[in-house]
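In the two complexes that follow, chain A is the common piece, with chain B as its partner first and chain C second.
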Partner chain A sequence: MTETVAAPSPGLGLRNRFNELVRLTELDGRLLGMIVTLIAIEIGFGIYTGGNILNPVNLLTFVTQAIEIAILATGMVLVIVSRNIDLSVGSVLGVVAMVYAVLMHEVYPTTIGVNTPYGWLLALAAGMGLGVILGGIQGFLIAYAGIPSFVVTLGGLLAFRGLIFDISGGSTQAPDDKQFVTLGGGPLGSLGGTMSWVLGAILGVAIVAYLFYNRRQRRKFGFPLRPMWAEVGVAVGGILIVIFGVLVSNAYHWPIGLIKQYAAEHNISPNGLDFEAGIPWPLVILLVVTVAMTFLSTKRKFGRYVYAIGGNPEAAELGGINTRWTIMKIYILMGFLCAIAAAISSAQINGATNDLGQGYELLVISAAVIGGTSFAGGVGTIPGAVLGAIVIYALRYNLQFIGLPSNNQDIVIAIVLVAAVAFDTYTRRRST
Partner chain B sequence: MRQRLAALAAVAVLALAACNGTGSSNAPTGGTPAASSGTAAGCVIGVSWNNYDQERWKKADEPAIKAAIAAGGGTYTSTDAHDSSDQQNKDIQTLVNQHVKVIILLAKDATAVLPAVTAAEQAGVQIIGYDRLIEDPKALYITFDNKRVGTIMAQTLLGVQPTGNYAIIKGDPGDPNAAFLRSGMDDGGLKDAVSSGKVKIVGEVNTPNWDTTGAKNEMQAILNANNNKVDAVLSENDGMATGVSQALQAVGLTIPLSGQDGDAAALNRVALGQQTVSVWKNAFALGETAGSAAIQMCGGTALADVKAPSDLPAATKPADLNTHDFTTPGNNTVKSIILNPTPILKANLADVITAGWVTKDQVCTGVAAGAVAACG
Partner chain C sequence: MTVVEQPAMAASPVPGVPIVQMRDIGVAFGGVKAVDGVSIDLRAGEVVGLVGGNGAGKSTLMRALSGAHKADSGEILLDGKPVPIANPRDAKAVGIETIYQNLALADNINAPGNLFLGRELTTGVGSLDDSSMEQATRKVMGRLNPNFTRFRAPVRNLSGGQRQSVAIARAVHFNARILIMDEPTAALGPAETAQVRDLIRELKKEGLGIFLVSHDIHDVFDLSERISVMYHGRLVGTVNKDEVTPDDVLGMIILGKPPTKLTSADRAELQH
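And now, the complex of A and B:
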């Protein structure tokens, strides 16, 4: 079988030649744009603060703060792509978080005991089950009863928030099991220096292996190959990003109070003791969720169906896609993701409050939209939404850092949201 | 072109961040100790507001805290959690990253905020629990004596109406302050008056959310049940006293009524004779105390040695300026500075006007000339 390697068309100007080269790497232009935006934000604030803000701890902090919204945003992309909406994500997160806390705070002490090795896993399973059920109920009403998703999920937002009060009896519930709390991050909820490098190595190998596999599949089925320099470029770029991530995570060390505590517990001197915190568990969870959701949306039938429904619902239906079952699955998946995000939220406050998750739906939708998801349907990427969430929190954190009052922070984020969508609409109109 | 700029920008930032990374990898707290929003010599104090949009904080507490910090040579920075407990935890983390030395914390939820408080203390930051209790023995608790508010209410009303039928309109059942107030009323003579038969409690209700209309409806119900034979009403705050007052006026009753907070409408009622007392918490004094304590803690003073400012108004100043042990409901012992609330009666309305809490116009609307000393 003959091998075709893609190559830039001859005789183009310098600028177009550059664009062609980027196109040949097959990286999503919008995604690259998001990364550019993030870097530009950091550079801008870096210059403004004279370099102070470029401390890796700051970078790690706002990325960690963005994780719950980012996880929810991966599911929201599919919801919006399919021409629906989900306003209930904050309330579902709140209910599941309260269930986690009540289980570990009220049920466990008299049954299986607290801080058992498996208690947190049972709680997680229960929460995920609840998330799936709540998502399923909404999905059923939207897909099979034909009620508009805005109405159903608005009902969900109100009803589930009310349910939280019933479960908690009106008070805040705390604490969670110790093992559960590690899901929230922090120095005790991170991988540590060595394991972070191990994870980094695994990721690096995975990137290279995936590129090899991809090239082999293309050759096998006769698709045009990426030029070799593009393959190497993407591999090196990916590995550099992984190394950067591990370096940033390892730059965060255990605070002095924690080291003293550790030294006292292990009967050693705290002098000279120093631990790297490493990659926090919530970030690991986000990576797994992002990779899984991207895989689901691009390489599985389910994902392709969602985009087809979003692009043209009638054509999808006539083409034989079970649109109703697909939409119900979208909401079930969203409920499942709410349970994962709820675990991180609950772990971070070591319990659950009645107001946990309130207002999240708007941030999640903003993240998806900034990341390139369109309300017209059919368009949007998972990595874009994750980056969208990080951009929102980068802005928030940096603005807070330079001392801008919080109401003004909201104004800035609103401007960015609208500008991002306006820019996206403009480029899309230009390309058609 | 955009992509090319992007590539250059990417390389530049990667280089910058990596340099900063290796530079600080030896620091135990993972951050370059060099200046961010405060020099190593100066003292940066951060305030974590629960819900800054509420009027009181911007009007009274914040200016007082800022002034006290500036007087001590420190720098002020703040965050607003928009009434969200997990956002407050993130805010505390952000303040720690900004290298503040002390955090003045107005907690949205005293339990949920503990993980962030613990993490901050592990990073070497000190915490002041402002107005609301945090169950943390390492924090300094600065607040008003909530039980004493109830005591003052009962004492004042029993002073003008020692016998008769009393109604008690209490606040939200989930708010511990409501319970503090009620137990303070007992200490203020109510318990004795009831057991000696001088006073009969003809109605005692909780009001969800301290709601004004809810209080009005409850008062109407109590009046109806007793044929309007009610001689005094203990309302736990001014918002509810507004509702109670509406119910009383509807049946033409003017009887002794209490309140709390020093709301402008309530102070006006005091001037007009429709409310007997509003127990005022001088938020200016609270802010000044917290700011001054933060400066002392920043300079290395131990919690046991922190002193309240000596120039606090006499009515607000505690008996002595030292910190005292306070036993919390959760059985922790925290060091605390507890300020005294000020009863505002017709005779001393001038106090709230001179302190800048309300204007003379707000207090004196509709008052006949010469009827009230403060209104002239």
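And now, the complex of A and C:
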């Protein structure tokens, strides 16, 4: 019982004492390490560039670039945790993006009309349905036909990429729907300054409410409580991150061209008009996906079963878990996430190209692995994978900023990937 | 014992009828008959020791009862009525719990998660009720292993004895009527072994029927009422413990013959 309430015992070394403090906050040490890494990357490049790189627009840019990969990585965590792999995510994303574009660009003009208030929602529903079907087919072959996931999804990677050409006829398609393209972000696809603060406030309240709920539950059941300083520390830390996020997002203002256009449309003078862009919609979507996937993986039977299968497939089977259906559900979920990421991808560039999503599978797997997901199965967290994606894009963006050619950026990311796994292997060996 | 909160099966045992009868059970892997026409039974409040050499088919026979591997032939009767056991869920539904030799724990999940694996408690909206599961686990473990405190650590980080107690807790928490223990003390030190023996005696007193699979002939003699011996997939025989000596049982294990059928040549062989 004393395990979680014990104060740091005296006589420990400085490093052990620090570890003890982290343990008392009950935060994931691996996750904290990644946040520290991210901050170190930014400070490092900041010093190297004499502070040039450290402005909010740069920060926001690489985070926005990471969003599609981060969304896919939340699903890839569950795939890898269950001792499987999915190589088809980029191709599924490509197919769905092309379907969005073709529906809105070619089908709607002759049927329901363009820019209807509901057209983009219909397209989204169709794309998500398609993602679920493609994921479901692959999941069925893996779970029930017993074909290795590497083989099935390698087939998916090739087949679905080929399918894109059949749908598009080889040309690039633009969705061209005003509502749809806001999913891609940009000044018109953001919350605006005020709403960003509102969202920030909601998040802050949610963090505090969650901590309160947890503490009350523990008291109710007579479990050891987390020390008060840790509760307050976690709350303050969380709220500071939220405030920082809103400040960074609001530092980006509408460009002058857009302001003039807006003024002209509303018959007002552009002089003195200034709008904060605020948090982009895709970031809001990522936030929702991350929270939902974390909930699914830690608080629902489905998630518990995924981890159990990864930890010991035989134990899961003997526990009476329907392991096949669980595996199939993972791939259905992955297909659904591909459809969400596809919407953001094609909205961002207002177009679906035939090679959209090509090579994503490797970035997504890298993000999950940098985030602490183990190929041995059973280990990995959703927030870790999201941070993993952000680390990759932070490196990419900063290296590009200082003028490193892209081939050498890949070398750096590869080193980080292998180093992350080496670190995990080392710490796991020490802890057992 | 206070662990029993609600009986898994309301039906009271029919007097005189064994709670488990396995009749003419056969299990084959490819062409190999791992279990060949074995019939054994188990009464309430009784421990039946199941012994035999490596590959004798003890574990396979028990896996058929626990639903881990469906029997190819034969039938299983509970309280005299045939019950189909095709998977672990079926077995658990009728009150058969198993402690597997390899413990069958998911190493990456904590003790409450393992205890309730496949039978999670949920809140009103279907989410995992981790608090209630931890509370229940603390209660069971408080009895089985009072020194256990690491309720939130993945079981990977626990000692062999602690892991064993998690596996045992899982079996007793759900009010089993029939307990299968496959080598329950193989990985344990002397103190922990004594603890498990005490537990078996206590569960027996509460009226559970226990199949005890073990290599340790002393364990079996110490705890069982009857001993069934298997040899190359077949049942050599079932003997009352009070009527035989450990040497008799060893003879059955090694030679595959009941003591009454031993020839003088067999006896000579056993002397060596």
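Going forward, the second predicted complex is superposed on the first by the 416 of 432 C-alpha atoms of A that agree within 3 Å, B and C clash if a C-alpha of one lies under 4 Å from a C-alpha of the other, contacts with A are read in each partner's own complex, and residues count from 1 in each chain.
Just so it is clear, a contact is a pair of C-beta atoms (placed from the backbone, for glycine too) under 8 Å apart; a residue touches a chain by one contact, two chains touch by 3 or more.
Just so you know, these numbers come straight off a predicted model, no measurement behind them.
Participant: So, does A:363 touch the first partner chain B, the second partner chain C, both, or neither?
Facilitator: A:363: touches no partner chain.
Participant: Look at A:130 in the shared chain and tell me whether it touches chain B only, chain C only, both, or neither; answer first, second, both or neither.
Facilitator: Touch status of A:130: no partner.
Participant: Between chain B (first) and chain C (second), which does A:174 come into contact with in this model arrangement: first, second, both, or neither?
Facilitator: In the superposition, A:174 contacts chain B only.
Participant: With both complexes superposed on chain A, which partner does A:318 reach: first (chain B), second (chain C), both or neither?
Facilitator: second
Participant: Once the shared chain is lined up, is A:378 touching chain B (first), chain C (second), both, or neither of them?
Facilitator: It touches chain C, and chain B stays clear.
Participant: Taking the superposition as given, does A:223 touch the first partner, chain B, the second, chain C, both, or neither?
Facilitator: In the superposition, A:223 touches chain C alone.
Participant: Chain B or chain C: which reaches more residues on chain A?
Facilitator: Chain A has more residues touched by B than by the other partner.
Participant: Jot down the residues of chain A that show up as touching in both complexes, chain B in one and chain C in the other.
Facilitator: none
Participant: Could you pull out which chain A residues touch chain B in their complex?
Facilitator: Going by the criterion above, the answer is residues 15, 18-19, 22, 32-33, 35-36, 39-40, 42-43, 46, 49, 51-59, 61, 65, 170-172, 174, 181, 184, 186, 240, 244, 247-248, 250-259, 261, 274, 276-277, 345, 348-351, 353, 355-356, 358-359, 397, 400-401, 403, 405-407.
Participant: Going by the contact rule set out above, which residues of chain A touch chain C in the complex?
Facilitator: 1-4, 217-218, 220-223, 295, 298-301, 304, 307-308, 310-312, 314-321, 378-379, 431-432
Participant: Quick one: which bits of chain C touch chain A in the complex? Just the residue numbers, please.
Facilitator: Chain C residues touching chain A: 66, 68, 87-89, 92, 98, 100, 102, 104-109, 113-114, 117-120, 122, 126-128, 130-132, 134-135, 149-150, 152, 156-157.
Participant: Show me the residue ranges of chain B that touch chain A in the complex, using the header's touch definition.
Facilitator: 1-6, 9-10, 12-14, 16-18, 20-21, 24-32, 34-37, 52-53, 77, 79-80, 82-86, 89-91, 93-94, 97-98, 109, 111-116, 119, 121-124, 174
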